[in-house]
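Look for subunit A in each of the two complexes below; its partner is subunit B in the first and subunit C in the second.
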Partner chain A sequence: MGTRTCHRVYLGSLMTTFDLNTDSVRALNQSLHDASSGHTSVTKPGGQHCIACGIDAALEVSIDGHVGYYCAGMNQEAHITITGNAGPGVAENIMSGTVRVKGNASQYAGASGHGGTLIIEGDASSRCGISMKGVDIVVAGSVGHMSAFMAQKGRLVICGDAGDFLGDSIYEACIYVRGAVGELGADCIEKEMTDQHVQDLTQLLAATGIDAAADEFRRYGSARKLYHFDIDHANDY
Partner chain B sequence: MTTDNKSLRPSATFSQHVLDEIHRAADEGIYEIRGFGAKRPLPNFDDLVFLGASMSRYPLEGYREKCATDVVLGTRYAKKPIELKIPITIAGMSFGALGANAKESLGRAATAMGTSTTTGDGGMTEEERQASKTLIYQVLPSRYGLNPDDVRRADALEVVVGQGAKPGGGGMLLGHKITARVAEMRDLPEDIDQRSACRHPDWTGPDDLKIKIQELREITDWQIPIFIKVGATRVSYDVALAVKAGADVIVVDGMQGGTAATQDVFIEHVGIPTLPAVRMAVDALQELGMHRKVQLIISGGIRSGADAAKALALGADAVSIGSAAMVALGCNRAVFIEDYAALGTAPGYCHHCHTGRCPVGITTQDPQLEARLQPEQGARWVRNYLSTMVLEIQTLARACGKSHVLNLEPEDLVALTVEAAAMAKVPLAGTDWIPGSNE
Partner chain C sequence: MCGIVGIYLKNERLNPELGKLLAAMLIEMSDRGPDSAGIALYRDPVADSSCKLTLHTAGAYDWDALQTAMAAHLQADVKLEVHASHAVVIAATDVASVQDWLSAEHPELQIMSAGSCIEIYKEKGLPSEFVRQFKLHELNGTHALGHTRMATESAVTTEHSHPFSTGMDLCLVHNGSLSNHNRLRRFLRDQGVSIQTDNDSEVAAGYLMWRLREGDSLETALERALVDLDGFYTFAIGTRDGFAVLRDPIACKPAVMAETDDWVAMASEFRAIAQLPGVDNATIWEPAPATVYTWGH
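Now for the complex of A and B:
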């Protein structure tokens, strides 16, 4: 198992360290799956895939460096911080807990996430929040094209700009954008930003530690015109 | 003027069915959406026959000499491969398309027979997990209801790339089937027409899929097998790429495979029949030296022990049934005729799963209709049907002198048509001619 080391930190809680230059991702994930509490520090991730996926406990995980595909996939309860950039599908299908990317994220960040919170402090690439089903995603920077494609539930907050076809075929998810928005996707429209929305967004921004004023955002959602197939809307698809 | 019978000549090009379809399209302005599988005639396993044992081979005694039927799936990477008593599994069908009683019936029957059943688009229900000893959990493009708790309590995962009824198409569930429970499992509002995605949200090609599979293995600690299911189109490439992507088991679903709701044009005009698909898949596995190492499940229009035995003889490790299991549950049975009539159809012709008004209580969420299918009775029917299929496979295998059904081989088969000979790569009966192979 290489050079994995355990050492004690404050008040007796156990800090486990994995150096992925020598330890395997398999050994790391098995350790995370076997743990019910504690803090794991991951160093030299080297862009490897599937780091810290499938956790099912309120663990603290800090990853120091860049990660490859599907980091924190299907996360439940854990709080995972990536001090670096994340490859495609970070926090895909997240159920609960928090995943924070301190750098940029590649395609499909938070894809089909059911719950929990994904925070991206840099930019996110295309298809951010694709097929999302209840997760809250807050992006401090901008997002690429086709973000929130077929988004069903949850909130996608974009503090920068949004690429083309935002919210294409969106269902009941809610999108907030502070910057410029490219062409909107099919059935996605701008909606009224009520006081309630400003209040909700203020809370979400505060909870995620992203410094932005909620009243500067616009809100987008579904026109609900494609919910029932209508031949006269066939060209909208 | 009376009609002159000599002038009543139907057009082969514009047959009555074609005329009706054009009239329907002109009236409605939308393609036909329906359930069930391809209805047109296609080359199929009926075009093959077995060469029973004779002077050169010994048959086995029926009822006396053993003919084993067990099969193990997922021996490549999984720590816990699936051990089945019979080489017939129940294919993925969604809760939503099917009612809970139908799912439970299938689970109970599969468990009693020592085989597996499969979830579908819409997630895993508690009823089917409880009813099924061995349950395969599908990972579909829509990701409806997908969650890691169910991933961990599944006995295998099946990444669905496509299905035979509609390779390249996504699912469809029309609003009237979306009850509160179905809507909640899918995180969508009630009553809307649901168009499930046709592509996965977080991977696009085989290189990505390889990493996706690595993720699923990591989440499940490499314990359970991972299947990849493809609709039969470019089978040779798809099978080779599935092997490369790291599949333990590959499911190839031919165009006769059923669906709960898709465009008729998709069902009838996309994909290739199951018969050539088996041979292409086996050839691809053999070329890679992976035949029997990565197991092959064949589905799409399997109706009988004879169909299953022929698929096994061509090199499949197991077959999977969907539509046939529904027929065993009573689909198209001549009961509640007036309810078929209310749908504008009759027993024997029904393909109205998409309406949610299934007369026999299978593909419905309506409690009154669903009550027509009691899980105990349904399980009994499916069990009887599976037992019959197994006896048929054993009968054919013993006749060919095989003590295990997986010992059936292509040399036991000949074809009755030139097309079947070319597709299955077995000789045309009475000749040594395999079109395309040894001319």
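Now for the complex of A and C:
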């Protein structure tokens, strides 16, 4: 694997540090795949791709800076924090655990995520939560167009505004929006915000540390006309 | 896939380092475009009575003879500086006279750029090799665009490489692909716009050239491009005073921008911008779809 110059220092518990100016992403990811516990600190990420991908253990990972494509992809159990902005595809196909982006996220954040939680403290770009399959995504800012496209399961919470075509071709995912919504996507409609939804959303916001009042949100979901084929709706497809 | 970079210096003290900064950004985009690399550099504006052109030809060339012949024919002072397979000509006359003489007497030469301060260099091969050949680290300037190409729809040659000139001191680099370029190319040729290759990006450059010639401002031309160009694109357009950025309404092709007190930069990916001094304190954002961004002195 070449040379690795990570430093192990005791800070109460075992902490491994990787400086990606000198250490390789491959060495970092191998270390994360080999570990079963502990805290890894990543410095100087410099927008590199695939940082902290494919973790399958309850690790703590903090990344100090901006990351490129596919950071924290396929995450299972780990808790990953990115202090800067994330490039396209952050937490793609997340299975469990949490990924927190303190800055903004680029396109298709949380795409295809099956479980766990993705928190974006800034804005997310287009196609946030595309094809999500059970992940909870909480965005403190706004999201771009085509978010929750073909979303199947899970919750997408948008504290700011949503761009056009929100929830296009949505299945059974649940979308909460506090701000303005552009044009809704095909088969996406506003639905009643019941007490149960307010309660669920209150818990999710509290769990993710996002300060927003659940009763200020509106709920959107599927009209269920597209995915049960009906000849009367042929023109909608 | 291709890589785009752009840098615009707000702090003049960085001007001597422009080539060095651009080189670092360009090399970082090698994975996105290993087929060819190119830059448009804006520097050392010539006097109003003079013009500056960048010329290219493949293989060895007797540039000294060209300089002598050009000066004799135009009866004007001509300076010529060779940069690898390219040469920058500064002639104390109008640009049309130089272009007419070159196309009549030296069809073997391609005019890569024309204007008062633009210089365009592009070549096949890896960005690192391009940087070495053209001694990018030694070049100064006020602003620049760069492109690393991964060819998807036409041949890998110097002529198919970016940036493409779109008029006096103007150029375009493109990441994406256009789907209506064949029809648009025929239309533009009917309008008298010269298009040399079958490359889709050259059509976008030709489109802008046509709109600007028809009297559009750059902003208006780009807004019309949103209607007339079908396909995926992030464009960066170099102007005499700065640069502009435009993404198509679907915005699949990436782009990131950053600004500090010293510079404004754009790139396909943040890792290119991460090479710049003071980046830790930069404001960083993703340009919105179908929105024209411009910077200028």
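Note that the second predicted complex is superposed on the first by the 224 of 237 C-alpha atoms of A that agree within 3 Å, B and C clash if a C-alpha of one lies under 4 Å from a C-alpha of the other, contacts with A are read in each partner's own complex, and residues count from 1 in each chain.
Rule of thumb we're sticking to: a contact is a pair of C-beta atoms (placed from the backbone, for glycine too) under 8 Å apart; a residue touches a chain by one contact, two chains touch by 3 or more.
This one's a predicted model, so the numbers in the text were calculated from it and none came from an experiment.
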| item | value |
| --- | --- |
| Partner chain in contact with A:145 - subunit B first, subunit C second, else both or neither | second |
| Partner chain in contact with A:171 - subunit B first, subunit C second, else both or neither | first |
| Partner chain in contact with A:89 - subunit B first, subunit C second, else both or neither | first |
| First (subunit B), second (subunit C), both or neither touched by A:136 | neither |
| Touching partner for A:23 - first (subunit B), second (subunit C), both, neither | neither |
| Touched partner set for A:56, first subunit B, second subunit C, both or neither | first |
| Which of subunit B and subunit C A:121 touches, first, second, both or neither | neither |
| Touched partner set for A:153, first subunit B, second subunit C, both or neither | first |
| Per-residue contact with subunit A, leading partner among subunit C and subunit B | B |
| Subunit B/subunit C common contact set on subunit A | 68-69, 88, 107 |
| Interfacial residue positions of subunit A with respect to subunit C in the complex | 46-48, 66, 68-69, 84-85, 87-88, 103-104, 106-107, 125-126, 144-145 |
| Subunit A partner contacts - residues on subunit B that touch it in the complex | 28-30, 142-143, 146-149, 151-152, 175, 186-189, 192-193, 195, 197, 201-203, 208, 211-212, 214-215, 218-222 |
| Sites on subunit C touched by subunit A in the complex | 251-252, 254, 256, 269-274, 284-286, 288-289 |
| In the complex with subunit B, residue positions of subunit A that touch it | 25-26, 29-30, 33, 49-50, 53-54, 56, 68-70, 73-74, 76, 88-89, 92-93, 95, 107-108, 111-112, 114, 127, 130-131, 133-134, 149-150, 152-153, 169, 171-172, 227-229, 231 |
